[in-house]
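One structure is given below, represented as structure tokens, and several questions about it will come after.
As written, the chains take the letters A, B, C, D and E, and residue 1 is the first residue of each chain.
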């Protein structure tokens, strides 16, 4: 979390609209791909010079310009100028700490959201910012790096599967949104697995590390919630605003994504409740173990302290101690000790401490 | 909970509207029953070929098509096509993880809700998804498996009891809704019994297992809440929307179901509070027991340690220890020890530790 | 709480509007009393045959029909038919688990609320359901059993005290409502006394029973809240709806009852906070007592363990132990022991453990 | 808190609008003062007969009638009749447990609020109810007893300082409101001092009494919140309602009081959070002290128990114990003991227990 | 926090609109700077006599009058009179405890907000009140002392960088707002660092001081929240109100600042959750350490108490104790003791206490 503010400050003091990339620096080249299609045609090409994607602006076919990498500020700036995007929005695209949001301009709709992936190494959730610009017949998507959840969409367009080739740019934007939200379910599954594993740990062998995992999961829940919660407003926002860029036939699909988002949020809330409950279990298992330790100590001390006292008595050196001279004195003393010991055991047995 | 996301992912990456059954696979055949009636006629038949239920669409009588089993995707698809149901809704029907919701189309109303049953074996609540489609003169209901809470409704239609035969399809839909919500009360009773049992355990003999049951009940409350809470919005939604499929005379009945739903939610909240309170009792009973253990230890140690010390003194081997030679020295020492012991007991008595 | 759902299930599966008494079975006869009045006339009579109260429906005078006992379903049904009350409302009257609510029909207004009384024996709050039907010139009240908070109202009507004889049926309904809400204050007083008593227990002598009382009070607060909270909406509902059954002059009186209801709810919330605070005090008093026990143990053990060790040294049987032969060896050893003991006491004194 | 309901019940069962003084009985005479002014004139007089204040109703100058003491019911009743005040409002004036509220009639505006003062003796906050009636050209204020925060207002009117003499009755009412809210800040300061003092206690020397003070402060926060919170709605209510009794020029002043009220509520919330945080600190300081006690016990026991064991070995009376005959046996044994003791100390040092 | 109310009371009892400086007294002179510019001209001058800034009111160029220091009441009053500012607003400017708020007058817009800075010495957050008055072509800013976050804005104006020289006074006001909100991110970074440092402390070496830091951070979070939260309403307020002082082109910039404010609030909430989680970790680490202490005690006591008992037996002085005469008796006893000791160690090993 603290990293959030750290990156952000590179910008403090600059005039608004100044384009500065706020995020981890990267060195790979930005990769731009254009997919252009209508019901009968399909064309996909990798672009090396940014100017190559200018003509797609006014083509009647649906064009999807995907930009992988946002660290080359001039590239983003050129696209922004050509497509008439407000400088503040370009700033939002470059600032990877942007909260999910939507802005509705007359001739385009702007969306920022978070794509999640599971980092197998550190077993945690990574977030990548995706910005979408929906124009009348084009969609521009910006991502932080290559690799995304959009491949099935590309295949569907290429193979003319489903209704995607028959529909407009708004449906394409919806499909991308849907892919990202579908990806959340994969993440939730991984997190769910982690919680299950933790639950088993908690019952079999809770230790200091368990507590740290609980704490870590709690923070991850906060992080997930913060990434996804605003999406709720974003999607209900674009349905409500009745931008003329969204056709009526697409609206039911948006309601569907909205539904899924709610389901994701619901699940995160359940996870939070579960993790909170685990803390209670952990704390009371600490108390239980303390109880057990105390019982062992109490049993040992309570049995042997009186016995040692008896032994102490007959270790005294008084001249006149009649018992010492008795023939069976020693064995009598042992018998008395055994008696005390056994009655203590019976007493603890009755108290259910044994 | 984690299972939720597990099943869901079978779908990630497919185009929206692709019909895939998301839920436990089943092998039994799908069973379709049609009940067709008006005030004077009644007909019930089991359908083997899906096409047999097509003619009911346009019959003026009220038809109730009940589908038990949603794992045969083609069957659902055929019904969907015939009755003009939007592919996304068919997707919702097939996805058993769908949240309760309602969609209002011009010529039909779509409802998803959860039917609950109590699993006697694992002593937990099971959930089954029921989807309802209310058309002008038909109701189609989809369930995950055979066995439901609708039998009294069937009897009432057959025997022409109550006002059901005189009313339209909207009243039938209400009756089904009402049966499901009535079923919630049965579940609440079982859960209430479990909570009562737990409460007795908590007072008589709280142990680690009690804590786990509390935790389990807490999660079951979260689960119940998640299944029923959205129903509140759903029912108030269909009353508010003033779909022309709902006659005015049926609205008061819907308000009644709404009332019952609120009552169910209220009870769940009370249960949650009760279960949370139990955790407090459990934790403080742990502290109380620790206190008891500590007291026993303290009493034993505090009485015998001084006594053992006295015995230790007279066990010393100094050449010049006058007491050792006294005739009543030994008995005097015993008397002193008894005095110390008794005064300790009196002290603890005064402290209310005995 | 669990009883709630238990009673309710007698009904599950019956057609809506079926009249079944849901509540504790009773054997006494239902008692019906009619009070009929206008500014100059007053008549009160006990009714034995239900038909006797029919003529009051259309009399221009204000009639108050009070029904004590709702376990005779046919009686309720007959009244319902004569006065044109919707079957679902009759069902609500008979179901004593109904949540406070209001329904506004064109020619009558329906109210359900809870009358509270304090059970001296089990020292807890009892609840009784009261249903009111307000017609143009009549009020019908249904109660579960004889005995209510309405006697002052009866007296006021009989003695023509206050403005009640000059006002219409809506004012009578308000007066009944006001009596019930006034009764809540009496209950709050008793509960307040109980909380005060508990608070004293908590400070003087907290034990396991205190915890159970706290828990019990917490649940009673939940129960009170659940009984009274919805009344807020009910009363604001009838003021807002501007039913033509409520004259404008009565509205300010309704606002006044609303005010009182808010005050009751406020007080319950304060009580809840207070009771929650008590749990904290109880738990920390447990910790405090544990501390005290530990201190006693620590003091005893820490003083005598070193002393016993010194005694142990001179109890050793080495041939060559010079101190043993010294004349003042024994007394020297005793002096050393006393020194150790006293310095330990000083140390604990400094630590404020004594 | 429980006192609240106790006083209230004197009224239960009486017809609404019955004037009964609900509050602590008092014996001093009611004191009525009238201040009458316009831009050029000023008159102040103490009134002995209530009728003397009747003529001020219709004078064009602004009149402020202040009533100290509300236990003489007839006086209030007479004023009420003359100024046409609704009986229910008179009831509210007399009931000192009334929640802050506002009622808007055509020709007057009614306000109830709480004036706070700090009781130096019991070091707690006292509350006094102030009711204001704002007519076209008069303000009537009712207080429970003499002594208030209005003296600066009286001075300002008398000395024609500020704009008060140029403005109407609505501005006078605002000024009174403002004085009361300003008084809250004084109270908050005292409470803040108490919290600071408590905080120091908590760090230097927390004991059972600290806990009780925390609990007491918590309840005082609840009490303050309950007294002031509704004022928020009251003030925003009179701004919003656009009563024609409030001139437009006064509205900005009302917004200012509203601002201050929010600030007071904010501060109370901060105080609550702070006090809650103190409970956490107190509880964990208990745990810390327990830890310290345990450590002392553990160190003593763990060092001397092994030593005593060694002494015990050489106290055994076996015939054949070679070490006993050694010349340096005794000193060797002492050396071993010293070694064990020192290594234990080193071990605990390493564990940071010393 | 308590200081808040302390300063405030200097004012209680004064007529509203009385200008009194509420804040820390200062002795430096008030410093006034004017920056006047349009697209082609730029002028900056320090003002010594307040009258010098009067002419800027009606100049068509954009003027920014910055006042450092608000403790000279007459200066503020003069500016107020010249620029026609309502006395209540001047009061707000002088009262440094004012909550962030906005007031919309016809010819100017008034804003109060908090500028934050990090005090390196006491490692805590300081707050400074900034008031802005936005007129048609001027902005007046009031600060408590010299030194602010506005220098980059001054540079931008001077160097004609960005769009600022081409835009009006509303854009200047936005830029100042933006600078302040950008400054919040710097503060959050510092606070984030502190939280991270605390987290490391918590894991490596938690002590009483850690708890106090947690408590301190919790209060700082409350303080930050209280300073920034109202800004949310303030900014959304000026966007919504559609004052004609805000040009449409500036609105998107305001939405952008709003976005950043939400992000700051989000981060504070995350920090709060994190700090709360730390308290849980701290408390359970206390329990863990207690457990460890207990284990050491239990292990030592449980091993040596039985051994000492055995030694005690053979220290008894009975005449007839056959074992004492055995040749290997002593070594046998030692062997038995070793056996007991080792089996205890094995037992504790098995319990995972070693």
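Worth a mention:
By definition in this document, a residue touches a chain if its C-beta (ideal position, glycine included) is under 8 Å from a C-beta of that chain, and two chains touch if they have at least 3 such contacts.
Not measured: the values here are computed from a predicted model.
Under the touch definition stated at the top, subunit B and subunit E share these contacting partners: A.
A rotation of 145° superposes the C-alpha trace of subunit C on that of subunit E, rounded to the nearest 5. Centre-to-centre separation of subunit A and subunit D, using mean CA positions: 43 Å.
For the pair subunit A and subunit B, the distance between mean C-alpha positions equals 26 Å. Residue numbers of subunit B whose C-beta contacts span two or more other chains: 283, 287, 290, 294, 297, 301, 305, 308, 312, 315-317, 321. If you sketch which chains touch which, the chains form one closed loop in which each chain touches exactly two neighbours. Begin at subunit B, move on to subunit C, and keep following the contacts round; the order you get is B, C, D, E, A. Within the complex formed with subunit A, the residues of subunit E that make contact are 149, 151-152, 156, 161-164, 174-175, 178-179, 182-183, 185-186, 188-189, 192-193, 195-196, 203, 252-253, 255-256, 259, 262-263, 266-267, 270-271, 273-274, 277, 280-281, 283-285, 287-288, 290-291, 294-295, 297-298, 301-302, 305-306, 308-309, 312-313, 315-321, 353.
Interface of subunit B with subunit A (complex): residues 1-6, 8-9, 11-18, 86, 88, 91, 97-99, 101, 103, 208, 211-212, 215, 218-219, 222-223, 226, 279, 282-283, 286-287, 289-290, 293-294, 296-297, 300-301, 304-305, 307-308, 311-312, 314-317, 321, 323-330, 333-334, 337.
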